[in-house]
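Some structures to go through are shown next.
In the two complexes below, chain A is the common chain; its partner is chain B in one and chain C in the other.
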Partner chain A sequence: MTAETRAYIARRVLLLVPLLVGLTLIVFTLIHLAPGDPAAAFVSEQNLDPQVLAQIRKNLGLDQPLPVQYVIWISHVARLDFGTAYTFNQKPVIELIAERLPATLVLQSLALIVSLAIAIPLGVISAKKQYSILDTTATTGAFLGLALPSFWIALMLQLFIAVNLGWLPVSTPGVDESGPGRIKFLVLPLIVLALPTVAVFLRFVRSSMLEVIRQDYLTAARAKGLSDATVTYRHALKNALIPIVTVTGTQLARLLGGAVIVEYIFAWPGLGALAFDSVLHRDYPVVLALTLLTGAFILVVNLIVDIAYTFADPRLSFRS
Partner chain B sequence: MDEPISRERADLIVRQFHRYEQYFARQGVGRRQFLRMIALGSAAATVLPVLEACGLTTPAEVRQATAQPVATSAPVAQPAATAAPAAQPTAAAGTQAGAPQRGGRIIIGTLGEAQSINPLLSNETEGQWRDKLLFDEFVRIDLESLKPVPGIASDWSVSSDGATYTFTLRDGVKFSDGQPLTASDVLFTLQGILTKSVASVHAPRFLPIQGAQAYFDGEASTISGAQVVDDRTLKITLAQPNAAFVSSLRWLRPLPKHLLDGKDLSNDPFFQAPIGAGPFIFKSWTNGQDYVAERNPNYWDPNKPYLDGFIHRVIPDSQTLVLALQTGQIDGSEYALPTQADQLKAAGNMTVIVKPQGVDTNGWSFGQKSNAALKDPRVRRAIAMALDTQRFSTDFLLGLGQPAKSPIPPGSWAYNQSLQPIPFDPAQAKALLQDAGATGLTLRLTTNAGNHFREDWVTFTQQGLSDIGVNVQPDVKEWTQVVKDGTDGTFDLICPTFAGVLVDPDELYLPLYSTSSRNVMGYSNPEMDTLLDQGRQTVDLDARKQIYAQVQQLIQQDVPAFYAWDRPFVSVTASRFTGYKNTILSFFNDLQDWSLA
Partner chain C sequence: MIELAAPRPLTLPPAGREHRSEASRLWRDFARNRLAVIGAIIVVLLYGVAITAPSIAPQDYRAFNAGQPLKPPSAQHWFGTDRQTRDVFSRVLVGSQVSLSVGLVAVALITGIGVSLGALAGGIGGRVDEVIMRFTDIVLAIPQLFLLIAAAALFTPSLTTTMLVIGLTSWMSTARLVRGEFLRTRSLDFVLAARSMGASTARIALRHLLPASVAVIIVQATLWLSFAILLESSLSFLGLGVQPPTPSWGGMLADGRVDMQRAWWETVYPGMAIFITVVAFNLVAAVLSTDLITTIDVLLIGAATPGRCGGTIARRARTAPGRRVRPRRESRSGSS
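Showing the complex of A and B:
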């Protein structure tokens, strides 16, 4: 690693701090601008009492002016204290997120791995046999995968595979299901999540392979008498994968963000569903913690992707 | 034989049949069960011949639907007891001979997660239901009559002035950790509810206790009106007699003092895995997924609960919830609400029960504040007389929903059985309007968009009132806006009424008492005020019943609000379970009585 690279990384890491603070400011302002009162989540219409309502606001710290609330919150966060949730049984926010994180992480990382495992070989074959039946089928499939809304695919899978054929369960595994028993619950949400990402990856791999295949150095490699496999996988694919690094980076952000619709439809207790519920309940501590976490994760992933470029493509460097 | 049905009316019935078939299909109710519900409903004689004549059903299907059910078939309960022929199956299926067997577990599906299982804080259905089974109630509500019945308090007596209650605790009640539950635990919980910093949503229900306000405000260190006499006796004195107070004691769900004394009751780690005296104990809760509870071996009734436990599972999408019911992933639910979906085939192993009348009584309230013409009771009554509610429930609700007569649920102890419906008489309605000098009226009818029963009701009202020369402007908008109108009093007619009763008839006090801050209609009748005061102060249930019978009579005469029809609801459970009761409260409310059939 060159000195320039190190300096670049240091600069980017330092830049994370103002970015994150800015992010919290925006989210904090937005969530407070949204209509709805978190204290209202505590009282119901038939026993709404002003003195109880006032006390609830006081307990939640909502009686303070907004800037004061922000300073209190951010000073706690600086000490890694994200507070306790308003709802969700008043659990500490960190515990709540830790409880929900594995479900999202497992589902999303599997979806990413499966997508890459399908898209890369398929993309290479598509590019090598351009306009063949397989290429046309893969391209059509990719467009369909992108065009069909995930909630519709989810519903159709539930109806045909789970209800009509009875092969797989329609929704969440219960707490009793453990170990290999859980795998069957993963299949349907995995398909729904992987379909659009396979499509995206496939298109990228194909077009970037097509570009590389026509380069002179590949003709040179072939002329040297290298086998077709060596030419394709060692020389062509390695270079063609550079854009895939970028796309994978953007998809990685979903690892933490979760997929609200898929988690909702399949009753998957992940972070996407948690974010959705916390916004509905105006559960400020949870919303803020989740945004901060996801934001930080995306920033870090972007940084890693940028650094990864220098390894994938030696032509790039951080000289300014 | 009835008069022949007009073409127009038959078309309407057919149209509504298709709408309902879809509505119920989304709740997991199949065509056969749906037909059976119609056959058991109040309008079978009108609806079934129409459906048959239009080729929507075959005579064989109708025969099957109207046949006496065989013992093994899934029973469909009566929407209301009144219209039931003698041999109909009842929902209370736990009446077979022999003791119910032990064992089994039920998985209940819900759309929303509980927000809290701290009984002082929980304010929504899911959390309150879990608490009820986890902590039990000091006084319970009978699921059918809605009377207060013994819970942890096995017995109580009231002083003659109706202000002092002496409660006796059931013998041998223990928390699930084996410690006995005594009157000090109950008092401790009461103090917790009334501690201001806890901010318990139930505090307002207990402020009528003498000295409760002073305790709440921190001016007193004890509640003067609540005293522990001995381990099994608790005395509560109210600042003013209030007969509805006993029903409020269902919100008193005793906490173990020995584990919580001196702790912050609004947020102690105890509430992450609480210990109570209810029939089921807390096992685990994976937020957003499963809440697991098991039988409490220390429960005071040694025979109950029969089930080993239950799982309360969150399935946020209502479509998935129905599919999970059909595929047997879950065993029951009350929350299979309609969403956009295709027709679904129903599973044959489910029991579908139409809830009794009174869950959601619709009609409208008259806004006397915003429309002076409505101050005249003759005008209000005339408007009510112009509507054929029987016809609405036959043609639009296909006999599944029922015409209503009173805000009080027909199953309640307080319901006036001899109440006659407001007669449908457009001619007299016109005459009344003439008398009152209120001709050429224009009224705005506010209701929420998306509830097609209420939207139908708006159309029906518009037609009915145009016959007596009253012009109705539909005002159909978003629910939150309707609530704002309903709480501000800015409406001519509004559906729902915002003046309903769920458990105790004293719930009418706030919307109907002339000087109440929640009387948004602007209704005022000294006679009603006197009756509502009497109803609140009279302790004897029979005497109270007489008073509320008069209240219901007066509502029919004065028509501050018109209670016209009941919306149908269904509960679903796997047929292998029994022991439930059909109730307007939560279907799974008394899960300790359930068992495998």
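Showing the complex of A and C:
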């Protein structure tokens, strides 16, 4: 590792601090710009006693000026204390999130693995047999796939596979279902999440392979008498996959965003559904925590991906 | 002086041909491609339908057909009727108004914000660049759908809110692309020539860098037309977009979902409408940038790659056909 690379990594890590602070500022401002009184969530419409409302606002710290509220909030956040939810039985926010996290993690990581498992071989074949029927089909499929709204795919799968054919359940029965019984509930949400991701990865693997495949060192490898498979998978794919690392990192934001719709449609008890419910209930602490945590998570993942990149591709150089 | 301003032989426009602007190059490439023309015809038809929908629709989209709930498609009701006995075909036609207008307004916002921020960052550089690009990174880190539903729900959902929140949460890839384009063009000979003749930063940005980025901006805007329509339909589907009684394709899908088992036509047709619209816009965008795949790649990279790293991908994006810009002859800069 050169001194420049080391300096680059150090700079990126240090940069994370202002990025995270900026993230809290943006998220906080957004939530508090919105009209409407979060305290109203606690009182019923009928007996709207201004005194009670004022007391609730005081208890929640909503009577303080915004900068003060921000400082109080951020000092709690620094200790990973996101307060208690306004709704959801007024549970601590962090507990709520911990409860829902596994369901989302299972679904998302499976979607990522499945997408890569489908896209990498398809992309390689597509690149090797450029303009063949398979390549054209894959390219057209990816193009059309990106134009399909994911919630419509979900509805159509529910309609044709779950309802008409009865092969799979329409949606999840509830939180308690676990173990192998859960797999059949996983399939449809998984397909919906994976389809657009496969399309994206396929494009990247294909173009990345096409770029690598024409390079001299592959001709050299072939000239030396290595088999086609060795050249393709050991020599070409290894280099072609480097950019895929970055794309994988950046697809996370997409996947997590997609979680809202997929979890809503299939009643999957994860973070996406929690985000949607908390937004509907104007549950500010939950909305704040979720937006902040996913944002921070993605910033950190991107940092790790970028650093991994410098190791994976030593040809990269960095000017300071 | 003349020698300094003269471009390298390679960048000279072909002899005997009048100078072509970026826009005319785009137009020429475009007219050659059959798929693009098909896409463009569909787009024109869609706008035609949207504008005339209330008069060409067989029924008022609010009209009830007493005693005919959830009737399958027939000669009388081409796409069947919904639970409230309304004609689905008429509602799909009128629904195009929402999708297409949200697309236009949101894209105007996206392009306005994205080009301004990207031009500031790429044109001025230094601290300004750093602050704008880091801000972009942060906004990109929050999943867009999270931002969208939070913003839409907290500010009362409506047609205007939908347009605004989509515009305000989608400008990042445009900003990045424009900045990149500015940075790249800034070091080309014709810009150096203009600078050496004493042109101000603002003049260089507006007269030289911005025109050279027009191709990228047009492609981005076309792509975002389709992405904005997808986002709008998702929001309306979740009940956080356009509110009833205004029919929107996403909202119709949400309604139809309840009766999906008995009335497939309620969910199939509005979905097809979204699909066809998005494909048509994507076709146009794809051919504008001469290659569909690169377009999608560029869009994803622009929307995705964090910071200034990302070696190979960024390199590929830079050489993507859609971003190819010819340096122009600098005959006018002498008068500045």
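Everything below uses one rule, namely that the second predicted complex is superposed on the first by the 297 of 320 C-alpha atoms of A that agree within 3 Å, B and C clash if a C-alpha of one lies under 4 Å from a C-alpha of the other, contacts with A are read in each partner's own complex, and residues count from 1 in each chain.
Following the convention adopted for this analysis, a contact is a pair of C-beta atoms (placed from the backbone, for glycine too) under 8 Å apart; a residue touches a chain by one contact, two chains touch by 3 or more.
The shown structure was predicted, so the numbers you read here are calculated from the model rather than taken from an experiment.
Visitor: Kindly say whether there is room for both chain B and chain C on chain A in the superposition, answering fit or clash.
Guide: With chain A as the common anchor, chain B and chain C collide in the superposed model.
Visitor: Once the structures are superposed on A, label A:291 by its partner contacts, choosing first (chain B), second (chain C), both or neither.
Guide: second
Visitor: Based on the superposed arrangement, let me know which partner A:98 touches: chain B (first), chain C (second), both, or neither?
Guide: neither
Visitor: Which partner does A:264 reach: the first (chain B), the second (chain C), both, or neither?
Guide: both
Visitor: Looking at A:183 after the superposition, I want to know if it touches chain B, chain C, both of them or none. Which is it: first, second, both, neither?
Guide: Neither partner.
Visitor: Does chain C touch more residues of chain A than chain B does, or is it the other way round?
Guide: C
Visitor: Output check: A:55 vs chain B and chain C. Expected answer is one of first, second, both, neither. What do you get?
Guide: So A:55 only meets chain B here.
Visitor: Go through the superposed model and pick first if A:72 touches only chain B, second if only chain C, both, or neither.
Guide: In the superposed model, A:72 contacts neither chain B nor chain C.
Visitor: Identify the partner contact of A:26: answer first if only chain B is touched, second if only chain C is, both if each is, neither if none is.
Guide: In the superposition, A:26 touches chain C alone.
Visitor: By the touch definition at the top of the document, which applies to A:256: first (chain B), second (chain C), both, or neither?
Guide: The second partner, chain C, only.
Visitor: For A:273, is the partner it touches chain B (first), chain C (second), both, or none of the two (neither)?
Guide: Touch status of A:273: first partner only.
Visitor: Per the definitions at the top, what is the overlap between the chain A residues touching chain B and those touching chain C?
Guide: Correct list for chain A: 155, 158-159, 163, 264.
Visitor: Please output the residues of chain C touching chain A within their complex, sorted ascending.
Guide: Listed in rising order, the residues of chain C that touch chain A are 134-135, 137-147, 149-151, 153-156, 226, 230, 233-234, 237-238, 240, 250, 253, 257, 260-261, 264, 267-268, 271, 274-275, 278-279, 282, 286, 292-294, 296-297, 300, 303-307, 309-313, 316.
Visitor: Going by the contact rule set out above, which residues of chain A touch chain B in the complex?
Guide: 41-47, 49, 51-52, 55-56, 58-59, 84, 87-91, 96, 99-100, 155, 158-159, 162-163, 166, 169-172, 174-175, 264-267, 269-270, 273-274, 277, 281
Visitor: Which residues, counting only chain B, touch chain A once they are in their complex?
Guide: 107, 113-118, 121, 123-124, 196-197, 199-205, 216, 266-267, 271-272, 284-290, 292, 311, 313-317, 319-320, 323-324, 326-327, 329, 341-342, 344, 483, 507
Visitor: Spell out the part of chain A that touches chain C in their complex, as residue ranges.
Guide: Counting only chain A, the residues touching chain C are 12, 15, 18-19, 22-23, 26-27, 30-31, 34-36, 139, 142-144, 146-152, 155-156, 158-159, 163, 200, 203-204, 206-208, 211, 242-243, 246-247, 249-251, 253-254, 256-258, 260-261, 264, 275-276, 279-280, 282, 287, 290-291, 294-296, 298-299, 302-303, 305-306, 309, 313, 315-316.
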